[in-house]
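There's a structure below that I have some questions on.
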Amino acid sequence: MEHFDKPKEACGVFGIYDFDGNAVAHSIYYGLCALQHRGQESCGIAVSDTSGPKGNIGNHKGMGLVSEVFKEDTLRRLCGNLGIGHVRYSTTGDSSLKNAQPLVTNYIKGTLALAHNGNLINAAALRAALEAQGVLFHTTTDSEVIACEIARQRVHTATVEEAIIRTARQIRGGYALVIASPRKLIGVRDPLGLKPLCLGKRGNSYILASESCALHSVGAEFIRDILPGEVISITPKEIASDRSMCCGPKAHCIFEYIYFARLDSRMDGINIYDARFRAGAALAGAAPADADIVCGVPDSGIPAAFGYAAASGIPFAIAFHKNSYVGRTFIKPTQKERETSVALKLNVLKPVVEGKRIVLVDDSIVRGTTIARLIVMLKEAGARSVHVRISSPPFLYPCYFGTDIPSNKQLIASSHSTEEICAAIKADSLAYLSIDDFESMVGTLPLCRACFDGHYPMDVNKPS
Amino acid sequence: MEHFDKPKEACGVFGIYDFDGNAVAHSIYYGLCALQHRGQESCGIAVSDTSGPKGNIGNHKGMGLVSEVFKEDTLRRLCGNLGIGHVRYSTTGDSSLKNAQPLVTNYIKGTLALAHNGNLINAAALRAALEAQGVLFHTTTDSEVIACEIARQRVHTATVEEAIIRTARQIRGGYALVIASPRKLIGVRDPLGLKPLCLGKRGNSYILASESCALHSVGAEFIRDILPGEVISITPKEIASDRSMCCGPKAHCIFEYIYFARLDSRMDGINIYDARFRAGAALAGAAPADADIVCGVPDSGIPAAFGYAAASGIPFAIAFHKNSYVGRTFIKPTQKERETSVALKLNVLKPVVEGKRIVLVDDSIVRGTTIARLIVMLKEAGARSVHVRISSPPFLYPCYFGTDIPSNKQLIASSHSTEEICAAIKADSLAYLSIDDFESMVGTLPLCRACFDGHYPMDVNKPS
Amino acid sequence: MEHFDKPKEACGVFGIYDFDGNAVAHSIYYGLCALQHRGQESCGIAVSDTSGPKGNIGNHKGMGLVSEVFKEDTLRRLCGNLGIGHVRYSTTGDSSLKNAQPLVTNYIKGTLALAHNGNLINAAALRAALEAQGVLFHTTTDSEVIACEIARQRVHTATVEEAIIRTARQIRGGYALVIASPRKLIGVRDPLGLKPLCLGKRGNSYILASESCALHSVGAEFIRDILPGEVISITPKEIASDRSMCCGPKAHCIFEYIYFARLDSRMDGINIYDARFRAGAALAGAAPADADIVCGVPDSGIPAAFGYAAASGIPFAIAFHKNSYVGRTFIKPTQKERETSVALKLNVLKPVVEGKRIVLVDDSIVRGTTIARLIVMLKEAGARSVHVRISSPPFLYPCYFGTDIPSNKQLIASSHSTEEICAAIKADSLAYLSIDDFESMVGTLPLCRACFDGHYPMDVNKPS
Amino acid sequence: MEHFDKPKEACGVFGIYDFDGNAVAHSIYYGLCALQHRGQESCGIAVSDTSGPKGNIGNHKGMGLVSEVFKEDTLRRLCGNLGIGHVRYSTTGDSSLKNAQPLVTNYIKGTLALAHNGNLINAAALRAALEAQGVLFHTTTDSEVIACEIARQRVHTATVEEAIIRTARQIRGGYALVIASPRKLIGVRDPLGLKPLCLGKRGNSYILASESCALHSVGAEFIRDILPGEVISITPKEIASDRSMCCGPKAHCIFEYIYFARLDSRMDGINIYDARFRAGAALAGAAPADADIVCGVPDSGIPAAFGYAAASGIPFAIAFHKNSYVGRTFIKPTQKERETSVALKLNVLKPVVEGKRIVLVDDSIVRGTTIARLIVMLKEAGARSVHVRISSPPFLYPCYFGTDIPSNKQLIASSHSTEEICAAIKADSLAYLSIDDFESMVGTLPLCRACFDGHYPMDVNKPS
């Protein structure tokens, strides 16, 4: 169930360069709409006209959804053939308009617009070092640290790509960057490949996006994933690539496959729908249940529930109706009305579940509050038993690379055994997919699974 | 697929009377949220404090969704223990704030607040007769005609119920009314039962609502459907019922079962989910297909697709991802971008459909534009064949009772044979459920099926 | 000083009919801007296209100033060549959008749009009588009572003018009405002439307005005042006038000349600026003072101060600077900051007043709070003495005809002698203009001076 | 007449430090309201709590008037006892929210908030030099250049004051700065004294403001003007002052005395009202006229008109009524309605001017369009003759220090003789005050009169 009791991905980025000189603002708009699941807090678009004087860039940002922040007249005013966009959920920096992206600044070579997904673990140190050299900061974001460092390096380098590479060698963490310099569109992916970024093409336009679904939304075809550590530079003259940072080990974020990425995206060679379906199927083998129907928690548990149903032979059924009109601006029930809170967003289909033994599949449990409420609802509607199956391992460790997860205290698995959780949520049985079983769903792709096993792919200097 | 190429239901109504004197505005808000699928154009709430002087009623209306129009401070200002609410999609009257409901007026006995779902076929005649007697009208709605008539009758009757009954005897059409007189909550359902209305109870509160799902959303239990022709009057002293108009034939709107009502509602003894599932199952028997997977058009075709899959033994699969962030305020693509329009809201899951023979189930076809686009998308993603199955009969005739349907010219089935439609939408085969097969899904319940066979349950004075 | 401690006029009305068929919405907008001083709470415009079917009328209303409520696109949507407008400060009815005017309704002959300035003393009785006949009311305004009565009379009369005359014979109080029936613009003034209304002409357009300044603002010339009791009907065929109610005694509201009307208006033969200047001059003769400079309270006391200065020979000087940016939406100072409140809107010009003996002229005193604060400010800035001169008599009685005045308890003059008021406001001397002296400023024009002497021009059924 | 055909001052600044720890946001609000005449385009407030960790600063900015941008809840969220505010009319930088002030940034010592009135003539050069060193710019304002330079200097200085002094030695132009460093309030005035800044005190609070009227609006007393070139640093420990840049020649902006400053301010020892009155009196001596009445153009010409009337013995009279409701958001008349445009804001008092020979006084003429329109209005109302008298010399040269003046082409005096202007505006006679006569109104105060004589007080590198 989206928005409740799930980790949150920080951001989505999108960039496009139309060599034929056509306006790109609407394409960025549609691309950001397709990436909206990666951040609903703020969004922004910056567009440059490469035929004009350097630095002639328009931009607009706002708090809220892409469809709330941008109207036709705003898009029309964003003239140009090179642009980037961003959707954001704040993990660092205040949740305010000031910190919304893209960050649009002026430096020695004209405009520098930057959109950033991810989190640096050495941002504070870099910032302090820059301040000690007399640098002013206007925001509290990691992104401004990156932009400042690029501007400083640019004084000493022959190209902006070189300044970006030098900067990338200094920053540590997970990141995908899309940068518009006056006449170049540049993409960067962190050396571990923690954050996704891919390349697409539509006619004579090239596109960079966090997920392939955004390419399809603008009618572009997927070309390839950007390599971990790669710096790609797109100009009408050439699509250049620097792979000097590409040789190290990789560690793709496992949660993209479990929950973040959109069902219809393909990421580093893996179809997201397939991965989730296969995880459900593996779960059916590892943790069978004696039941009449398999149901998924909408919407995140549905694909794994299909996999579980297919592998187990138990029929899939819809247990919940989701009210698509209950959105972010909905008035939350008071303390007294609290117990019925989930019922506003999700309602049980009583005739489906009454008298049934149910396998209830979800992709993950964070606090456990939502799944507990759903089990109560199913039982009140007459379900005989509810067997919870989670298509990922127990969530035990925090993330330092841009995924927002509650503190350890709130992670139910960090202080409770599976049996204790089962009792707490009043399920008739509970099983998680093991890490090893889970990995099989993505084949041989190297993953960062630190949230499950605590083995971080770099020294994270955990805050005490 | 909601909002595209479907008939539109006019309205949803909700009323509540808390005998313990508790504030009811928040309950109406949650009830209207649960009925939001019945009208997204405007909404309103009117609340009365029965302990105060007669006629002390607060109300607030606005254009847009319930969650957009009402904020916490607005609800707090609507003090009282008796209230009604309304969600609207205009079928008669302008689409403007002025015509939003509830209609709140003052008459000889104090306030008269009225919320109305449906359409009268003799409204113009009644209105002209009232104007000829010197009556002023402030809106262009049928609802004001009803309220005026009640006020006029009330001068000569002992009770408001009697005035309402006299009014009901004069109006013709489909309607469900919820009325708050200073200290009474009154519900009325048209004698044919075209429009739904049901009664619920929560503690010492009684509730009237268009659908049972709204009862559940406020934690109330379903008591019974209001009878066609019944006038129910709720006061702390008694729940009184007049059934003098209940003896005629019945004709429940068939489209509630096909599309309008929410999946988790129960209406006149029929579970909506069951009805749609059974329609899909019947369709599998009547129109089998040689296919690898069964898919539903989100969200309206999903339950029938489950039924089809279960009855045929062909596995169900998710073919489309629906972007829940693409809402009403979304900027529509330009002419040039038009072809990709549906791809913004719905995207194909290519790995699921590639190389597959697909049964694509939907509940109805109006213009045929959306299904045609979806078939193109499936084929482009590699589907080998697409067999369209519609879980209702071809849509041939207009509705005069409050359902908004395009004119005959736009109803593809009114000018094309099934074979022609199949060719037009480029499906590999196309089949509809027959009227007789469809009726089996609702047992012996008498239905108005005029949109399919043209046999209207009353003389409708079709406009020339 | 506007907005503080003054009686409030209820409303301003404006109507225009362009026989050449040109759009009139912008002219109404400019006319209402010129009448904005008569009501800042809400405003509205209703426009009809007489070449279209009867009743095709657009209207828009909102809370706030004309320039806030109307934007270019709103005016453009109000198409038509016949229209009326209204600015309002509520004296009866809630201060809400619902009660904003013009009131636009439909009756037997099509649309009936009505804008009303004034107050009826028998509105409650008329309303009760109508309710007893089964009439519904949508608002709590007198205006709706008038419109209902017109609609009812219209059933039995040959023309709308006759229905209006019959209605006017029933309503009692002060009123000016501007009415747009589908193809007629009609004006009505109460038989006593309590409320003003005048006629203007621009090319082939005729205009009705509360004040002549609104005629000038749209480039029209003043033709004449509408007579007390006159019903004027404007159509392309003729300008017809019914004077059957014109024969009784007259009683023009004295406060229009003292404070309400705009300085550049001419009303019933009197130039407003002249009247106020002459009142100041009369005051100088009746209540001389030994002083160095004469100052006026901005803006209402300035013309009388000029008159006082001219008659006395004491030079006029500007004592206060008025901050024109401190408007209605200004955040009021807290209790602690209260003492400095007036200083935000008005500031003393210290070099002007320091060491001076000052005559401070204002047009009236209601509560006395503002004048007291201004005297403190002058003394703090070094004024040696402050002699207050009021260019009207003491305010002693409430008004029942649409002027908003605080209750008797708050009228300082109703419970204090002039000496006591002088002491309370810490003035060095205080004098009012006598009623007789005041009347001289308007020549022989018959006035309603009930607020000064309690002699109401009709039986007002004072509420107990 | 404000807003029409006048030069525009760039900005107003305000700062306050309450040593008793009381909240200051409301005081800044009232102070900015009093300075609103210096800029109506955007405004902002930044507040710091000196008892909290360094850098804990809240700020809010917006487009529009102070009373539009700030509401009670916004002010409440701006907690702290040290703060600054700004009202802006853009002279450099785009007119956008991004460029609104105060500029709030973080540097090595925590927050640095800066509000700036004025214009630098070497900003572009300083900016280019900083960019060449790798500095990023977020805005297009001079203010960011100043803040960047302070941050860079601060790395090498012992105190922030020293960094500010070093910065002040590099920037050239007219400026008044109010800066809040985490626990200091600092004011700076340019060495020539082109821009005003003064110091006030209220209880245990110290205040810096562009004009003394802002001190009075918050109940503070005026202490002294900040000296040209002075850097004043306010902390609970001491009020320190650096005067190392105070020894050069001075050149106060003459237009503050003519038009910019508020009537009730005192600036560098001169009462603004007195200066303008005396200019009018001098004009009467230098350019007498045979007339019946003296009138001023509201509001800017009124004080000089009083002076002219007093010196000439010709009585002052009010010729125009100004509609205070016609504000910035007013819909401008179309081309066709253009001729009547000024009549909406200003209306002639016909009985005052009819048949009269009039002296019409204004403070300056820029384009001449407004005065021409006013003369037409007076003549149409029956004035026999209109003798225009301008209480300043002809406006001939552009300003480079932050005053917005139309280009030379639009300055009517730069291409027309006084006789030609008189003919163009259709006046019966026209006279300006000479520079020498004008200077007498401010005694011995050294003025920058470059706009009249072209002698700039520094090398301005005029753009070609």
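Labels A, B, C and D are assigned to the chains in the order they are written; within every chain, residues are numbered from 1.
One rule holds in what follows: contacts are C-beta pairs under 8 Å (C-beta built on N, C-alpha and C of every residue); 3 or more make two chains touch, one makes a residue touch a chain.
As the structure is a computational prediction, the values presented were derived from the model and not from experiment.
Of all chains, B has its CA centroid at the greatest distance from the CA centroid of subunit D. Centroids built from CA atoms put subunit B at 37 Å from subunit A. Measuring from the averaged C-alpha position of subunit A to that of subunit D gives a distance of 50 Å.
One inter-chain figure worth recording: subunit A and subunit C are separated by 61 Å, centre to centre, where each centre is the mean of the chain's CA atoms.
Contacts with at least two other chains are made by no residue of subunit C.
If you draw each protein chain as a dot and join the dots that touch, you get one closed loop, with every dot joined to exactly two others. Residue ranges of subunit B in contact with subunit A, taken from their complex: 2, 26, 29-30, 33-34, 36-37, 40, 65-68, 70-72, 75, 213, 216-219, 262-264, 266, 271, 273-274, 299, 302-303, 306, 310, 315-318, 321, 323-327, 329-331, 333-334, 337, 340, 343-344, 347-352.
Taken in their complex, subunit A has these residues touching subunit D: 104-108, 112, 131-138, 140, 147-148, 151-155.
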